[in-house]
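Each of the next two complexes has chain A plus one more chain, namely chain B in the first and chain C in the second.
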Partner chain A sequence: MNRTLDRARVRALLPALSLVAVLVPIFVLQPTTFSYFGIGLLLNLAVPLVLATLAQLAIITANDLDLSIGPFVSLVACIGATLLVHRPLVGVAALAGCVLLYAAVGALVEYRQIPSIVVTLGLSFVWNGLAVLLLPSPGGTSPAWIASAMGYQTPLVAAPIVWSTAIALGAHLLLMRSSTGVRLRGSGGNPRAMRRFGWSLVRAKATLYGVAALFGVLSGLCLLGLTTSADANLALRYTLLSIAAVILGGGEFVGGRVSVIGAVLGAITLTLAASFLAFLNVSPDWQVGMQGAILIVVLSLRVLLQRRGAPR
Partner chain B sequence: MNDPAASDEAGGEADVLIGLAGIGKTFGRVTALADVSFDFRAGECIGIAGHNGAGKSTLMAVLTGVFRPEHGTMTVAGRAVRDYDPNAARTAGVRCVFQELSLCANLSVAENVSIVHPELRGRAWRRRATQMIREQLDAIFPGHGIGGHELIADLTLTQRQMVEIARAFTTVSAPVRLVILDEPTSSLDAHTSSQLLAFIERAGRQRVATILISHMLGEIERVAHRVLVMRDGRVAAVLPRDAATQDAILRAMGQHVEVERAPAASADAARREVEREQAGYRFGVGAGGRVSIDARRGEVIGFAGLAGQGQSDALLAVYEAASKRRERVAFVAGDRPRDGIFPLWSIVQNLDIRWLLNGAHARGPLRLPRPIDRRASGALAQTWRQRIGIRGAPLDAGILSLSGGNQQKVLFARALASDAQLILMDDPTRGVDVGTKRDIYQLVRDEAARGRTFIWYTTENDEFAYCDRTYVFRASRVTRMLHAHECSEQALLAASFDKAAA
Partner chain C sequence: MNGAPSPAPSDGESASTLAARVRATPMPWLWSFVGAALVGLATAAVFGFAIAGNVVETALVFAIFMVFVGLGQMLVITAGPGNIDLSMPSAIALSGVLGVQWMKGADGLIAAGIAVALAVGVLVGIANYLLIRALRIPPIIATLSSSFIIQSVAITQSRGMPPPPPALQAFATGRLLGVPNLTWIALALSVALALLLHRTVAGRSLSALGQNARAAWLAGVKVERVRAVTYVLSATIAAFTGLLLAAVSGGAALDMGVEYMLISVAVVVIGGTQVTGGKATVAGVWGASMFLYLTNAILNAVGAGAGVRSVVYGLLIIAVVVVAGGRPAR
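And now, the complex of A and B:
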């Protein structure tokens, strides 16, 4: 029994360890970053990625993959920079419509048994097209309330840390601790069993996709508040970054096995990895490759841990 | 025997938990259940026995509300019910322990309890769930060593089965009245198995009825008050406790044996001539090659036993060994969608794929790619279409435009059209209609007479009438080898079921 506990604990600690492994060298290389403002600057862009990661996590919980979350976040930012400023009611209605559409897509994916990758890949072009229609060239303004919310200075601890912690705890309670969250995760773990016990898989998947859209909307608005203007290609890289963050945080592609807190740590690690490489004077051309290398190292570590602890 | 429900037949009527009357269910053209009538009474343990495809699993799916019967009526506590679904089954107190476990591996033990109890929500649900499952585990498997917070993925198979069983006996609001145990001891060791059997007897005294499905007939003999024997989707016999010996159960399972024995004999004469070659195959399969399989040229060898006792693995081992020795070998897959057909290819392309590899071994891996002789492959497909009777679509149509039986014929033609001398068949007549089966039997006989060797795994016992020799598998081991003349239904059943004294 001790052995299983230990293994579970080591697995849960891995995302935290990888965060420390990136954070400590940064503080050593640039001691000035170890301050309220330094951390604030470092993690400034972490919050929207954390939210996009949780959106991806909701989809991965359902054994699916969302290839459209990046374009979706961009679209939300574009809606926020145009409709939400000029005609707030229309803007809110558009965002609500997006969430409903996402939930409907989730229901369709389950009902017709179509691969989510195909559907979301197609949708990514739809979102991107809509964003270009709304905002053909970069521009727009952020609604004042979003900008002020993102610029809010929290006491003692930098705002991004406070936000990330609050989001992580909230999502953890909802998905990992509540009985509803447990049933949603169950539908990813063993769909046949869930159906046998009388649960609706269509409803579970629609809920998870709807939750993903909610996090996507929050991510887009956050990003808009930070950048104060939008662009149809603002967050395209979020698609792959969010998948990487979920996996880095201990999630698996199949089997509904995810960790909310791990995924949030993973998103922060990935945000920091970019700064870390910049501090090392790695040229931007190499940064993407280096990020990939970090991912491979962490994932290899996890495989090693699993193999060593495999039940005999 | 000291159980009240078993002894007083007259008083039992009032205690009927679930009554089945004339239940029938079909899948396409296959009749899974026909005219099943049975009463499940409070506190009684019913043993259910029957061979593969006898309808046991379908009957359990009907009881748990997963399948809706097409004919007949169901009564719960004496009242007829119309919309019997999983939720209705739960309210009626029916729980099921499934053979392939229905636990979510990504959830903890306690979280898995909440999945079967929708009422388990709100504050402290987790603590209540943990407490419930621990109580049941303590009651059934004392000394189990499971805390309740572990992930299922981190448990051993035995522990998972213990959790699955204990979960079925947990209660929130609806009481447990009838628990179905489908092969519950398949992953349990002897100690935990006997703990479970003792608990079943104790549960009966507390008016909880159980259904025990097991191929360990000794277990059924030990705890069952009545034994329901099924065959071909029908109730073959209901044996009272005193009459439910292992022999009686086996006899009841083997009723209505109508095996036509003539065919194997008629092919004999032709085969003798081929046997001048005398050469044959010998394969060692299983762990360390302990099981040796002999096959002479022109012989049909059967692999028998209950489903999933290692026959498919043995076939694959034979295939690998034969390929390594550069034998000309072909494989007919049983699980068509998974490893049989290429769903996007046409019928011709599906049929000629093995033929294209003819002589590949002789030429070695370094041969140059060359264009496919379309005309030859078209002619080949035409020939086999006529020989084997593929009906329903033109040859250049997609394979999925054919019915399941015709798709299977294409897979047969794929193997037979090649230069293969050894043909392995992995339960190829699963879900195939009777007409196609007869065609396939005829082909196997003809081709064997021409000197081809067949190794044939099937779950249908009457097909072994076409085999010269039959190896019976149990737990990945060959328990018996039967020659054609001793291959009766009785002998097959006795060798497939564990008839050891329990």
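And now, the complex of A and C:
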């Protein structure tokens, strides 16, 4: 019993351990990074990925998978770089429309019992197309208030850490500790039971998809604030990275079993992985491959801990 | 993955009788052909028959690549809910790059190049299957991780690439009886796959696995072996496609497979293969490929940009899957 507990605990700590395993070598190899500015630079691009990961997490909580989050984040950045600058009201309306559309898609997926992978695949074409229509070639500018928000220097601790922690805690409280959060997770974990209790699954899924869209919007705006210009293909990688981050963070594909804090750590680990490999002098050719390898190693560790800890 | 087998009464049951009718059709692939024919007729009505004929002819060359990747993806999707092969684009890139490298631009080495490309496919398929089996993770994440690694290998191998041998290029762009050679190859592969799927024990096993893995296992289907062969076949088809793409376009490029990741799933879904697995249709892949290619061509012809085309593609995919509906996947 005790051993099982220990293994379970190690398993729960795996996201944090993988982050340490990437972070410590970076500090050893490049001691200068262990400073306010060093950490700020290393983690600069983590915040948008953290937000995109939480969007993916909301969908995975619903037992679904979102293949359109990358194009969606790009679209948001394009809306931010064009409409939001010139006609702020239209821009806000467009973003709100996107969120509503997302929620409607969630309702549709549940109502018609169709696979989310295919629907979000179709959506990814739609988002990408809209982004290309808005911004045929890379460009645009970031609204001043977003740029200044992203450039804000927090005291003592670097801004990305502050933001990530705040986002992680906020989302954790909402999803894991509030009664609404429990209900939403239940709709992914045991839909039939939830229905028999009289909760609407359509509404639950619409809510989760809507939440995902909100995080997607935040992610796109953050990214725009950092890059100060947009591009229809800006964040396409986020689709796969966000899925990987949720899984790295201990999330399961089925059963609404997710960990907000783990997912945030997973997103930060993936952001750092690139710097880590660069500091190790891994040739750029292999950087993508090493990310795949890291994913496989962490997943293997998880299976090992699971198998010994709790044989099925 | 396939827990609760009893389909709970869904809220969408009363939705539309259209869905029921579509699902009840013995030939789900028919719809994609009807769509393709309608788009073809529309092209003819707007631009005249001569231009429409030209468009259909180019479709026979370029839509063929959609058919190839679609056939591979169809096999994987038929293996049941959650099965999908995201490593196809990277397999296309790696086999194209390695195949062309091994041929060294010489006609005598074509056979060696083809062998290398197919070997790449088999290895990728085995690796995918082992990851899925050993890590017990959904195929989407397994094939995703492997695609990262394959992509890196392809990058390291892509330096100083020779052009494909002239004989291969000539074959890839050549015709037999007025029909492009590639179309013949795709036809042969399709007939072979259709026979395999519908007439052999192996094919029936795949359908059984996709409908209910546990029931298939209880019925004596060698579930794991079928699954392994499915992933190997899909990756091998992708690898072969990579080589053909390199031959047609006069050289292998690292990003030549990228667009086919989404397209491969799209043609399978639009073609009428059951998205939740268990029911494949080879003909549907053809119909859907023609439909998508012709739609693309007509949108191009009326001057719609890449953005509009993408939006139309997306809405088409969503509309088809909404009308066809699904069953509780898990």
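By our rule, the second predicted complex is superposed on the first by the 302 of 312 C-alpha atoms of A that agree within 3 Å, B and C clash if a C-alpha of one lies under 4 Å from a C-alpha of the other, contacts with A are read in each partner's own complex, and residues count from 1 in each chain.
The rule is short, and it goes like this: contacts are C-beta pairs under 8 Å (C-beta built on N, C-alpha and C of every residue); 3 or more make two chains touch, one makes a residue touch a chain.
Since this is a predicted model, take the numbers as computed values, not measurements.
Asks: In the superposed arrangement, which partner chain does A:R183 touch: chain B (first), chain C (second), both, or neither?
Replies: first
Asks: Could you look at A:L299 and tell me whether it touches chain B, chain C, both or neither (first, second, both, neither)?
Replies: The second partner, chain C, only.
Asks: Considering only touches as defined above, state whether A:R192 meets chain B (first), chain C (second), both or neither.
Replies: both
Asks: Check the residue A:R257 against both partner chains and state whether it touches chain B (first), chain C (second), both, or neither.
Replies: After superposing on A, A:R257 lies in contact with chain B but is clear of chain C.
Asks: Could you say whether A:I247 touches chain B, chain C, both of them, or neither, answering first, second, both or neither?
Replies: second
Asks: Once the two complexes are aligned on chain A, which partner has more residues of chain A within touching range, chain B or chain C?
Replies: The partner that reaches more residues of chain A in the superposed model: C.
Asks: Look at A:S164 in the shared chain and tell me whether it touches chain B only, chain C only, both, or neither; answer first, second, both or neither.
Replies: Neither partner.
Asks: Based on the superposed arrangement, let me know which partner A:S18 touches: chain B (first), chain C (second), both, or neither?
Replies: neither
Asks: Looking at chain A, which of its residues have contacts with both chain B and chain C?
Replies: 192
Asks: Using the touch rule from the top, collect the residues of chain A that touch chain C in their complex.
Replies: Interface residues on the chain A side: 63, 65, 108, 110-115, 117-119, 121-134, 136, 191-192, 195, 201-202, 240, 243-244, 247, 253-254, 283, 285-293, 295-296, 299-300, 303.
Asks: Could you pull out which chain A residues touch chain B in their complex?
Replies: The touching residues are 1, 4-5, 7-8, 177, 179-180, 182-183, 185-186, 188-190, 192-194, 196-199, 255-258, 311.
Asks: Within the complex, which stretch of chain B touches chain A?
Replies: 64-66, 85-87, 90, 96, 98, 102-107, 111-112, 114-116, 118, 120-122, 125-126, 145, 147, 150-151, 153-156
Asks: So in the complex, the part of chain C that touches chain A is made up of which residues?
Replies: The touching residues are 1, 4, 8, 10-12, 15, 19, 81-82, 84, 131, 134-138, 140-141, 144-153, 155-156, 262, 265-266, 269, 275-276, 305-318, 321-322, 324-330.
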